[in-house]
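Shared between the two complexes below is chain A, which has chain B as its partner in the first and chain C in the second.
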Partner chain A sequence: MDLQTALFLLADGLTNGAVYALVGVSLVLIYTTTRVVNIAQGEYVTFGALTLASFIEGAIAPVVWVVGIGGAVSLALDVRQAILNRRSVVRPVAQYAAIGAVLAALTLAAWHTRSLALQMLAALALVSALGPIVYRLTVEPKPGSSTVVLVIIGVGVSMIMHPMALLLWGPDPRSVPAISDGRLPLGPMDIAYQSLFVMAVSILATLALFAFFRFTLLGKALRAASVNREGAQYCGIPVVLAGRLSFFLAAALSAASGLLLAPLVTAHYEMGFVVGLKGFVGAAMGGLVNYPLSVAGVVTLGALESFASFLSSSYRDALVFALVIPIMLWRNRHAQEDLDEH
Partner chain B sequence: MKLLRSCMAAVWLVLLVPVAAMADNRPEFRIGTVNSVTGGASAIAAGAVSAIDLLEQKLAADDSLPFKVRFIKYDDGSDPAKAINAVRKLAQEDKVHIVICCTTTPSSMAVNKIVEEEKIPNISLAAAASVIEPASERRFTFKTPITDRLMLDFTLDDMVRKGYRRVAFMGLDDSYGEGGWVEFNALAKKKGIEVVAAERFSRGDTNFTPQALRVARHKPDAVYFHAIPPSAALAHETLKRVGYSGPIYHGGGAPTPAFLSVGKRAVEGAIVGTAALTVHKQLPDAHPLKKAVSDFVKIYDGHYGEGKADMFAAQAYDAVMIPVRAWSKVPAATRGGDLVQARAALRDAIENTRDYHGVIGIFNFSPEDHLGLDSRSTFLVTVKDGRFVLLER
Partner chain C sequence: MNTERLSGRTAIRASRGPWVMAMLVAVGLVLVSQLSTYYVGLLALMGINALVCIGLSFVLGTGQVSLGHAAFVGMGAYSCAILSRDFGVPTLLAIPASMALCMAVAYVLGRITLRLKGHSLPLATLAWGMAIYVCFVAAIDVTGGASGFGDVPPLNVFGITMETRGVTLLAWVCVGLAYIAFRRIYRGRVGRIAKAIKAQSVMATAFGADVPAVKMKAFVLSAALAALAGCFYAFYMRFLSPTSFAIGASFNYLIMVVLGGAAHPIGAIIGAVTFVLMELAAQYLFAKALGMPGQMETMLFGAVLIVMLLRWPDGLLTWLKPREEIFEAPDGHAAKLPQVADARPAVKRVDVKQVTKRFGGLHALKGVSISVPTGRITGLIGPNGAGKSTLFNAVTAVSPATTGEVRIDGAPLPRHVRDVIRTGMARTFQHVQLVPELTVLQNVMIGGYIDGRAGLVSSALGLDRTEEAVMAGRARAALKQVGLLEAADRPIGSLPLGSQRLVEVARALMSRPDVLLLDEPAAGLRAGEKAQLVELLKSLRDERGMAILLVEHDMELVMSCVDHIFVLNHGELLAEGDCHQIQTNPAVISAYLGTEA
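What follows is the complex of A and B.
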């Protein structure tokens, strides 16, 4: 292996790592606030990319119906809850109406515009809205369940969302234009600007989340909600809202990863699942609780995957997923420190 | 009022249907179909399901046949176990004369035993040659899709003719890629082509650079891809990016609109193995397949919309039309007689199909060959200005 080959492998490995990183931090975000190991996180990548592809084709993304129906069911559940708790039903109705109006306006705007930025924003908003809906329908009815139950919920959601993408968009891949088609020449090789965008967004998102949970009161409140649900509730932290918020942010991050990945590999219904799994392996390095460590984990994983495929393309996935075992052993030794972490 | 009217219409329908059925006293030809309407293979089955629905309507309206065709359709959910149950039910309860099963290779392999036990002819829509081989043990199973072996044989001959001796293989790491690799390796050895590298990637991969770098390092005379879009086009693009500039071949999974729309300029010049369907407009009028393919595209696109006709639909179309044609060759007395004898006679009639100009190709079944296609049904095309152009033989 010469130097040029190694540089090529490293550059593409790091791009991949950055894509996984966004999913990795979404997983950490959800786990630290709700204790859900969200297997379905990769599907938001698929949905984000395909929604953008629909808008670019000048069609209304079919995800609108999913968000619409899911939102309506959530609203009905919330109204029922409000009636049972003898609270005013005006508040949930007004909230849902406001969110619905914003989403509808964005969708219509994206449908009629040719501006890529607006279309990306609308795709991001629509898919992010799926996050709290999924939370409302699957996790929220089971407060305080054990991790195993929550993992199985995640598996179930993944098994619904994956075929749903096939149903809504069909099996054909769609190409999505890059934000910039250019390539940055670096000596004998080059890097697509799109790859640099992916890396920049990953780094920014990680830093922002890390700062948010470490330094702000709201971030600390969110973390508290997962450590001790009831305690947090007594302190006046709206636990349910915390869960919805974290699912929203996580869906947004993963969808962003999909939007940025789509120009590199096209948008198709199978793209997200493997990205989700690899994001998980990387995030496992940070024990699903530590942002910088998780990002270091996924970036290492991306680079390692790149070199592993070069050495033996048939066994690359085996090598990558086998990484979980040493990571677990290493995590086990440091388990005590992490308990203090959250 | 509206409700009343629709009620009346419903009553009329109920009254009319038996009358129409009674008027038609031709004997029934029962075709049982098992497709993967749901499950993992549903995307592959979609074309076949549409083609069979279309033929059901078309054959029902056809008064010229001495029998009426009835379809009994089941879904195996892409699960071989369900396919076995469905075929057994079709053979024993529905008493069909022939089954068309199944979409996938695993399901088709699984039902082979039942088909032989029940002595009922079956036409498989699966890709792998193993479904019908050896023909002496798979007496009742036929298939219509072009095999990888047939296509690769043709493609590798082209490489030999052009003097490419050192060839690299890049394929998917699933059963499709594996099937292609086994055939490629065996045929390359036979033809004296040296396989200098064999790399794998998966459908969901986001990075093809490592494999491409490794292939490019061997400086092969040509590279062969056995994959489907988008990964086929993306890996092709990456291979060019890392500095490989030689000829690039693709297998039968590539010639789809998606390949062109994903690959854009990067796939210009790619040489792709395909069937007549992809290039039927460019075939000379005298070509034996021109009429059959054009007619099929006209009917299918006329029903489902422009550009909808694909290989999966064409395979199913032939899989229905071949037995319908064979059934009309079976003597009327046998057709109306004992079911076991009727099935055996149908099997023999299918095996005796000679020079049938289907949509996929020219079928010549024989006791040794239950695919019945030869290199007259395979074509090589190249990508030029964003479309597939037929290469001269």
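What follows is the complex of A and C.
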């Protein structure tokens, strides 16, 4: 392996790492605010990429039906809850109607326009809306479930969303154009602008989330909601809203990673699941609670993947997933707060 | 009269057990010999799945979950097939070798994850499941890769070659044996502590359980069963393809376990059988009748998984609850089982010296010293936020002191919570920590965990009967002491809160402690129950010479029984002395009632 190959692999690895980083930070986001270890996170990557592909082909993305039906069921549950709690049903209806109107307008606009930016925005909005719907239907009905139960629920969601992508979009891969086809010459090699976009978005998102949870009152409130649900509720933190919000943000980040990844590979129904798992393994480096360490984990993983595919393409994923062993060993040695001695 | 009728009914139902077994065996034999090969194959699959699920279900019972069990099945299947075909290893050697291999892998995975927080094992098993699947596909020279591994020799035991029907029978024999073994484990010492770990792991640790070790045993055992199932799969299919062991298969095992219910090993078998039947029905309905694509099936099972977890967390066992047998304690056996309390030196006093505790910037304790000698009831009181619970946690090693020390007869407090009980200290909890699935008696028996020896193997073989009987006897004695003997066989949830607190005291008495640490035992007790508690504490002090540390808010109760009181306020010792001194101490009065500014 000469220097140029190594540099090329490194750049490739950093791009991969940036894609996984978006999923990794969305996992950390969800875990720190709701204690859900979301196995299904990668499916939003798939949905994001394929929704954009549909819009580019000039079709209405079939995910609209999923959002519509899921939203209607969520609305029905919320109205029922409002009636049981003797609260006004106007509020949930109005909220859902407003969100529905915005999504419908975006969808119609994306359907008729040729502007890539608008189509990306619409795809992002639609797929992000899936996040709170999933939270409403699978986590909210039983507050305070144990980590293990929440993990298994995530498995169930993944088992529904994965085949759903195949049903909605079929097995054929679709191509998605890059935001810019140019490449940045960098000494002996060059990097696609798309890769730089991915990295920039990852870095910005991570920094924003880190700062939000570390320094703002709302961020601290959201973290408090996961540490002690009831206590947070007594302090006036709307725990349920916090959960929906973090699922929304996490879905948005993962969908964004799908939108940006799609031009580099091709969009197909299986692309997301493995990306999700790799984000998961990388985020384990930070124990699913630490943003900078999680990003370090996924970037290491991305680089390892890139070099592994050069050494042996068939064993690449085995090597990548085996990274979980050194990561866990490392956490055993260094992360006191992660030990569960009792 | 009522009890007589009840026990009569239990006897009838117990005598029915062997008949049900015989019926099931007969039906099974008829089915295996008469059905067409296709349906016998389904029976084989049910048996193989059931084997995996029985082990996995126990892992879930300890509050853990594995998302990569298909990898163990695959590894068992491939190693068994490779050993048999390529190396000519006889079946009876190939199966144990494959099981040992999987147990070793499980041990390594458990070793690096089980001391970490709850989500580490699912994550590691998921990654391991993906990695090993990739290896099955990639290692073409060894496994045949994606095109599969054929020509597996048939199962051969003592020169008898078995085809589909034979393998099916053998698999179900193993299911039967595993069921019997696990039923014993579930109701034995390890099963009880497993349930305690799942419900409240701090409590389980406080009674001497090494939580990661128990989880490890459950996990390694489940890997062994998965490997055994994999061996049967190899001999039944005679052809292996990596897709059978992909991550989706692991998820399916999880569905079977959740569907059946993890509270009892029969749930795993019911779940496995139901799953295969549902899959068959779904295939027929979606593919043949409605002409829909096969993915609908996976979505259906995903929905089943979520709905079961949210609506019926006990799975099908919600409706098919098996009854629990209760051991009768034979009299006179109690003395034969040695207790930790016999071997350790009797504790004379516990001293807390200059203990401070800091939580970030908060000074919860600022150099507190108290002493708890035997033969005395020591009260620890103080207004809310005074640091009582913090001090209690420091003494029980749950949350060790920042500086200062706790000494038991001059020896330092053990570092691990689980070793504290061996020094002769036992405790109750401020928020009642009992295991909801167990009866009153079984909950009290958790207190005897350190005195027991029965492990997974001896429980599985039924060698723990005497020990269990002795433990039950001791638990009954402890219950009698707190006046709850009549409630012994009732589910714990049916007791009022006050009685549950007394059950906690009985559980603490199981290990015959010299020092009893009670964290607000009177909260929620009615007047009569409080009087009863006072009598109990006094008799423990006078008859057994115990040291009792009582943290309590109820002044009437405190003043009616304690010999010496320490008053904490703002993390500092405000006063100490007997009841009269404290009641007339102006500083104490102003701390409780406030002073005029």
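Methods note: the second predicted complex is superposed on the first by the 334 of 342 C-alpha atoms of A that agree within 3 Å, B and C clash if a C-alpha of one lies under 4 Å from a C-alpha of the other, contacts with A are read in each partner's own complex, and residues count from 1 in each chain.
Simple rule for what comes next: a residue touches a chain if its C-beta (ideal position, glycine included) is under 8 Å from a C-beta of that chain, and two chains touch if they have at least 3 such contacts.
Given the structure is predicted, the values throughout are model-derived calculations rather than measurements.
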Based on the superposed arrangement, let me know which partner A:Ile153 touches: chain B (first), chain C (second), both, or neither? second
Which partner does A:Leu166 reach: the first (chain B), the second (chain C), both, or neither? both
Considering only the touch criterion stated at the top, classify A:Asn228 as touching first (chain B), second (chain C), both, or neither. neither
Pick one for A:Val37: touches chain B only (first), chain C only (second), both, or neither. second
Quick one: is A:Thr216 in contact with chain B, with chain C, with both, or with neither? Answer first, second, both or neither. neither
Counting only touches as set out at the top, which of chain B and chain C does A:Ser115 meet: first, second, both, neither? neither
Touching A:Asp12 in the superposition: chain B (first), chain C (second), both, neither? first
Scan A:Ser314 for contacts with chain B and chain C and give back first, second, both or neither. both
Going by the touch definition up top, name the partner, chain B or chain C, that contacts more of chain A. C
Residue overlap on chain A between the chain B interface and the chain C interface 166, 274, 314, 316-317
In their shared complex, at which residues does chain B touch chain A? 42-43, 46, 173, 199-207, 209-211, 213-214, 217, 229-230, 234, 242, 256-258, 261-262, 264
Along chain A, where are the residues that touch chain B in the complex? 5, 8-9, 12-13, 15-16, 19, 166, 170-175, 261, 264-266, 268, 270-271, 273-275, 305-310, 313-314, 316-317
Of chain A, residues touching chain C in the complex: 31, 37, 39, 137-138, 141-142, 145-149, 151-153, 155-160, 162-164, 166-167, 274, 277, 280-281, 284, 287-288, 312, 314-319, 321-325, 328-329, 331-332, 335, 338-342
Please output the residues of chain C touching chain A within their complex, sorted ascending. 60, 63-65, 67, 108, 112-113, 115-120, 122-124, 126-128, 130-132, 134-135, 137-138, 201-202, 204-205, 211, 248, 251, 254, 258, 293, 295-296, 298-299, 301-303, 305-306, 309-310, 313, 398, 416-417
